[in-house]
Amino acid sequence: MTDLLLSQIKLGAESQFGTDEYVVNLGPQHPATHGVLRLIVKLDGETVKETTPVLGYLHRSIEKICENRTYPQCITYTDRVDYVSAMSVNLAFALATERLMGLEAPPRAQWLRMIMVELQRLASHLLWMGAFAGDIGALTPFLYGLRERERIIDLFEMTCGQRLTYNYIRIGGVMIDVLPEFVPKCRAFLDYFEPKIAEYEELLTYNPIFLERTKGVGIISPEVGINAGVCGPSLRGSGVPCDVRKQQPYLYYDQVKFNECLETAGDCWSRYRVRMREIRESVSILRQCLDRLEPGPFETKLPPVLKAPPASEIYSRIESSRGEMGVYLVGDGTIKPWKCKFRCASFNNTYVLDQLTRGWKIADIMAVLGSLDMIVPEVDR
Amino acid sequence: MGSLLSYFKNIIFGFWNLLVGLSVTTKYFLSMKTNTQQYPEEKLPLPVRSRSMIKLIYDGEKDQFNCVACMMCAKACPNSCIKLEGVRGADGKRRVTTFKLDFSTCIFCGYCVEACGFDALTFVAEEYENSVYKRGSLLQDEQAMKWVRPAHLAPKPEEEVKAEAASTAKAGV
Amino acid sequence: MTNEEMKTKIESDFKDWILSAAVSPQKEVIITAKPATYLSLCRDLRDKNEYSFQHLSCLTAVDYPKENKMTVVCHLWSYKKCAQLTLKVDVDRANPRIPTVENVWKSANWFEREVFDLYGIIFEGHSDLRRIMMPEDYTKFPLRKDFTDDGFIVKPN
Amino acid sequence: MVHLIANLLQQALGAVGLSGFAFIINPIVSAVVMFGGISVFVMFLVWMERKVSAHMQSRIGPNRVGVFGLLQTVADALKLTTKEDIKPVHRDKIPYYIAPIIAFVATFAGMIVIPFDKGVSVQNLNIGILYVISITSFTVIAILSAGWSSNNKFALLGGFRSAAQIVSYEVPLVMSLVPVIMTAGTLNLNNVVEYQQKAGYWFVVPQFIAFLIFITSATAEANRAPFDIPEAESELIGGFHTEYSGVKFAMFFLGEYIAIIVSSAVAVTVFLGGWLPLPFLGSLPIPGFAWFVAKLLFVIYLIMAFRWTFPRLRVDQLMDFGWKVLIPISILNILITGFCILFFGKGV
C-alpha cells in the first residue's frame, strides 16, 4: 500500500505536478525595502534562488535637470540625490565645481563643511542602524536612533534653516556662518551622544539573535567587492581600506586624526561593526574640528557669473555616509554644466545584492539589504 | 567534551546578553522619560533661520512693498516659480505690481531671499503651517505674501552688525 | 607616481592602443582609447601590477552632438597606487556600439545598463542589456542633448 | 466569581422550576462572563503593550482617547468593526472564513481551566494542563488555513512557517511542564497550585530552567516576536493575515492576545504559584484573584519586553533553537528531576 502510494506520488511529480519557482515581488511597496525598491525574488521554499532588483521607481532625472540649471542652482538638486545625507552630496558637488573652476574655500568654510558632513554621517548612520535593526525585527533601536538624530537635525536647522534638504554647502564656502551658540551646542550634543553609543551596542552587538542573523550572512569577499564596485563601509567590512578621506584627502581630513575602521569577515555583522565604529570615529573627528574652528570668512568672493572653463571636466570623489560619492562634471564654457553625473554608493552596493543572497533564506534578503545601507533616491537619482 | 562545554557556554553567554538588552529597555521603561512633542498643543520655537515661508516685506510707513521688481529672485530660482512685474512709480523708482510665487514647485532653497538686494523677500519662521486643500491655493500673489516686519525683527544698522562680528571674532567662536 | 609620470608611462606602454593621453588643467590623467583595443586596454589597466586599476569608480557617457560623437567615460581608481585615471572612448552617434567591460569589472553591468538606458549606447556582449531607470517600453534616450518628449520642459530663463 | 454568578443563576432557575436546564444555562453564562472579562482584559493588554513599548522607546504612546488613552483600544476596535471587509477574489472560501474563528475559539477555549482563585475556574478538569496545551495548538490549523486560503504568496509562506514553528515548539512546551507534573503528581491546575502551597515554594525556584523554556516556547506558540516569523513584518508584510481586514483581522488579533493570556496564565499557575500571595506578604488582605492578575501582568510584561527588545529569528534558526537548545535542555531537566525524585523522594 505504502509502496503504491509512493510510486503514485513519484509518478505525479514527474507527470502532472511539476515543481516551479515561487516568484515573490518584494516591493515597490514593502515594509522593508527602504523606499520603492522592487525585488523580484525567485524562491525554492524559503531559499532564495535569484534576486533581481528593479530600479527606476524613484527616477527623477536629476542629471538631466542639472544640465539645465546653473551651477549654484544644481546644489538644490543635490540635496535630493541622497536626502538622508544631503550635506555629503552638497559637498561633493561644491568640491567638484570648485576644482573645475579653480576656486578654493577659506579655512573656516572648510572646517564648517567638515563639521556638517561628519554630523550628517552620524545622522545617517543612526538612521541606518535603526532601519537595519528594524529589518531584522528589533523595533526599539530605530526610535533610539531617531531620537539622537533629531538633535543633530536641530543643529542643522539652527544653522541653515532646513531639516532635510539643506542647500548649505555652496560653491566657494558655505551658505551662512554658524551662530555663536552652535559650537557649545554641538559640544553638548557630543557629550550627550557618546554614552548613547554604548547603549545601542548593548542592545544589539552581542545579542545572540542579532549575531545569529548577521554573522556569516551575506559575505562579500574583498575581490568580489572591489570588482563589483562595492564601496564605503560595506567594503571596509571586508577589510579593504577604501576610505576616500584617507586615500584622496579632501577638505582638511589630512589634518585630523582618525582611524579607518576595518573588519575582515565581510558579513552583515562586520558591516554593522564598521558603521558603529565609524560613529565613534566621527565623534572624535567632530571634536577635533570644533577645536580647530577659527574665525574668518565663510565664503570666497565668487565671480558674479560662475562659468566653467570650456572643454573642462572633473571627477571628484568624497566619502559620503554610504561610501564613495563621485561627481563627474563636464564644463562647456557656459553657466550650465554640459554633463553632470552622480556616482552614488548605493547604486553599486545594490548591485551585489543578488550575489549575496543566493542560497540564503528570504529573511536574509532583508538583513543583507539593510546592512548594505542602500537609499533608493541615490540608486535611481 | 569541548564542544559540549562550548554549547553550554554559548547558551549562557547568549542568555546573559539577552538580559543586558532587556536591562536597557527596562531602564527606559522605568524612567518614563519621553521625547515626544505633542504637536498642536506644544509648539516648539523655530530657529530664526528656519526656512518656513517666503514673505514679501511690506513697509507700513511708506505704504508700499520694498520690492523694486529687479528680477534677481526670479533669475536665481532653480525652478522658475517666481513671476513678477513692476512699473516705474511717480518718484522715479520701480515698484512691484504683481508678484506670484508658486509654492507647489518651490523647494525652499532660499536663493531668492539671498539674491534679494532690497530687503524685500524674507523667510518667516513662525508660518510653517502651510498645508492647503487645493493645489491652486499654493500659487500665492503679493497680497497673500504681504508681511509687515515687526519692530523686534528690524534689521540692525550696519555698524552694529560689524561690532557684533568683531566681538564674536574676539571670543574665538 | 605623479600624474605626469603616469601619463608618460601609459603613453609608452600602450602607445598603439590609445589615441591621446593628457593631464587636464584640473590635474587628472585623461586617456582616449581606440575603440578596437578598448577592451584589452581595460584588462591590462586592471591586471598589470604597476597600474592595478581594480575599481571602476564610474562609467558614464557624454553626448557631443556637434562633433557627432558620444564619449564613454570610465573613471578608474587604484586602491594600491591611490591613483585616478579617466579613460575615454568615442563612439559614433548614429550607430553607437562599443564592447562591454562587464567581464573586466562586474560593476560595469549596471553602469552600462544605465548608459544604454539614457544614451542608447549598445554594449556588445553585455549579459543583460535592458532599460534600468526608464520604463521598459520607453523608446527615447533622455540624456541625449536632442531629446524631446511630451512632458519635457526646458527650464525658462 | 463565575461560579458565584452561576450559583445565583441556578438558584433563580430553581425558583422558577427550570433547574433542569442548568446544564445548558451554566456554560452559556460562564462563556458570556468569560468572554466579556477576557475582551476587556485584552483591550487593556493592547493598551498596555502600546504604553510599554512607547516608554521603552522614550515615547508617550496613546493618550488621547480616555484617561491615559485607556479607551484607545475601544476606539480601534470600533474602527475595525466599521471597516470595509476586503476579501481576495480567488480565496478558498470556507477556510478563509473559518480561520479567524478557529484562531479565536481555540485560544479562548484554553481559558476555561485556568484557576483564577482558589477553586474559581470554569471547569476544574483533572487533565487541565494537557487540555490547555492541546486546545491552544489548534491555532496552527487556523493560521495554516488562513495562509492557504487567502491566495497570497506572503500569506502562504507565513502559514507554512507557522506550521513548522508551532509543531516544533509544542514539544519543549510540554516537556518543560513534565518535571512539574512529575513532582506534583497531578495534571490538575488547581492541584498544582495547592501542591505549591503545601510544599511552601513555587515551582519557579527549583524549576527555573523549565520556567524559562516554558516562557520561550509559549512566546513562540503565540507567534510573538522574537518568534513572530509567520507574520514577520519586514519579510512577509503581515504573513498569514495579510489579506484579512476588519472584524476578521480583529479576531486574529484577539486570538493572539488571548494566546498570550492563556500561556502566561499557565505559567503563573504552574510556576509562580497561581493565586498564592508573594512570600512574607500572605497576611495582607489582598484576594487571591488580585495576586493572580498581578503575576499575570508581570509575565505578560516579560513577553512584551522580549518583543520590543529582541530582533527576529530566521526560520531555520528558529528550528535550530527549538530542536537543538530547548528540547535537549528540557530532556536533561526531566532526567535530573526524575533522579531527584527517585533518590530524594521529592522534586529538586
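Per-chain numbering from 1; labels A, B, C and D assigned in written order.
Convention: a contact is a pair of C-beta atoms (placed from the backbone, for glycine too) under 8 Å apart; a residue touches a chain by one contact, two chains touch by 3 or more.
Since the model is a prediction, treat every value here as computed from it, not as a measurement.
Peer 1: State the chain with the largest centre-to-centre distance from subunit B, centres being mean CA positions.
Peer 2: D
Peer 1: Pick the pair with more C-beta contacts: B-D or A-B?
Peer 2: Higher C-beta contact count between the two pairs: A-B.
Peer 1: Distance-wise, how many Å sit between the C-alpha centres of subunit C and subunit D, to the nearest whole number?
Peer 2: Distance between chain centres: 63 Å.
Peer 1: Take the average of all CA coordinates in subunit B, do the same for subunit D, and state the distance between these two points in whole angstrom.
Peer 2: Each chain reduced to its C-alpha mean, subunit B and subunit D end up 51 Å apart.
Peer 1: For subunit A and subunit B, what's the span in angstrom between their mean Cα positions?
Peer 2: 25
Peer 1: Could you please state the distance in Å, as a whole number, between where the Cα atoms of subunit A are centred and where those of subunit D are centred?
Peer 2: Between these chains, centre-to-centre, one finds 43 Å.
Peer 1: Enumerate the residues of subunit A that touch no fewer than two other chains.
Peer 2: In subunit A, residues 69, 140, 147, 203-204, 207, 209 touch at least two other chains, as defined above.
Peer 1: Out of subunit D, which residues touch more than one other chain, so two or more?
Peer 2: In subunit D, residues 56-59, 308-310 touch at least two other chains, as defined above.
Peer 1: Multi-chain contacts in subunit C: which residues touch at least two other chains?
Peer 2: 155
Peer 1: Of all residues in subunit C, which touch subunit A in the complex?
Peer 2: Residue list for subunit C touching subunit A: 24-26, 28, 30, 54-58, 60, 62-63, 73, 75, 77, 79, 82, 84, 86, 105-107, 109-111, 118, 131-135, 142-143, 147, 154-155.
Peer 1: Within the complex, which stretch of subunit A touches subunit B?
Peer 2: Answer in residue numbers: 69, 72-77, 140, 147, 150, 157-162, 165, 167, 175-176, 179-180, 182-183, 199, 202-204, 206-209, 293-295.
Peer 1: Can you tell me which positions in subunit D touch subunit B when the two form their complex?
Peer 2: Where subunit D meets subunit B, its residues are 52, 54-60, 305-306, 308-310, 325, 329.
Peer 1: In their shared complex, at which residues does subunit A touch subunit D?
Peer 2: Its residues touching subunit D are 22, 24, 30-32, 46, 133-140, 143-144, 147, 203-204, 207, 209-210, 212-213, 361-366.
Peer 1: Mind pulling up the subunit B residues that touch subunit A in the complex?
Peer 2: Of all residues in subunit B, those touching subunit A are 10, 13-15, 17-18, 20-21, 23-25, 35, 46-47, 49-51, 76, 78, 107-111, 114, 123, 125, 168-169, 171-173.
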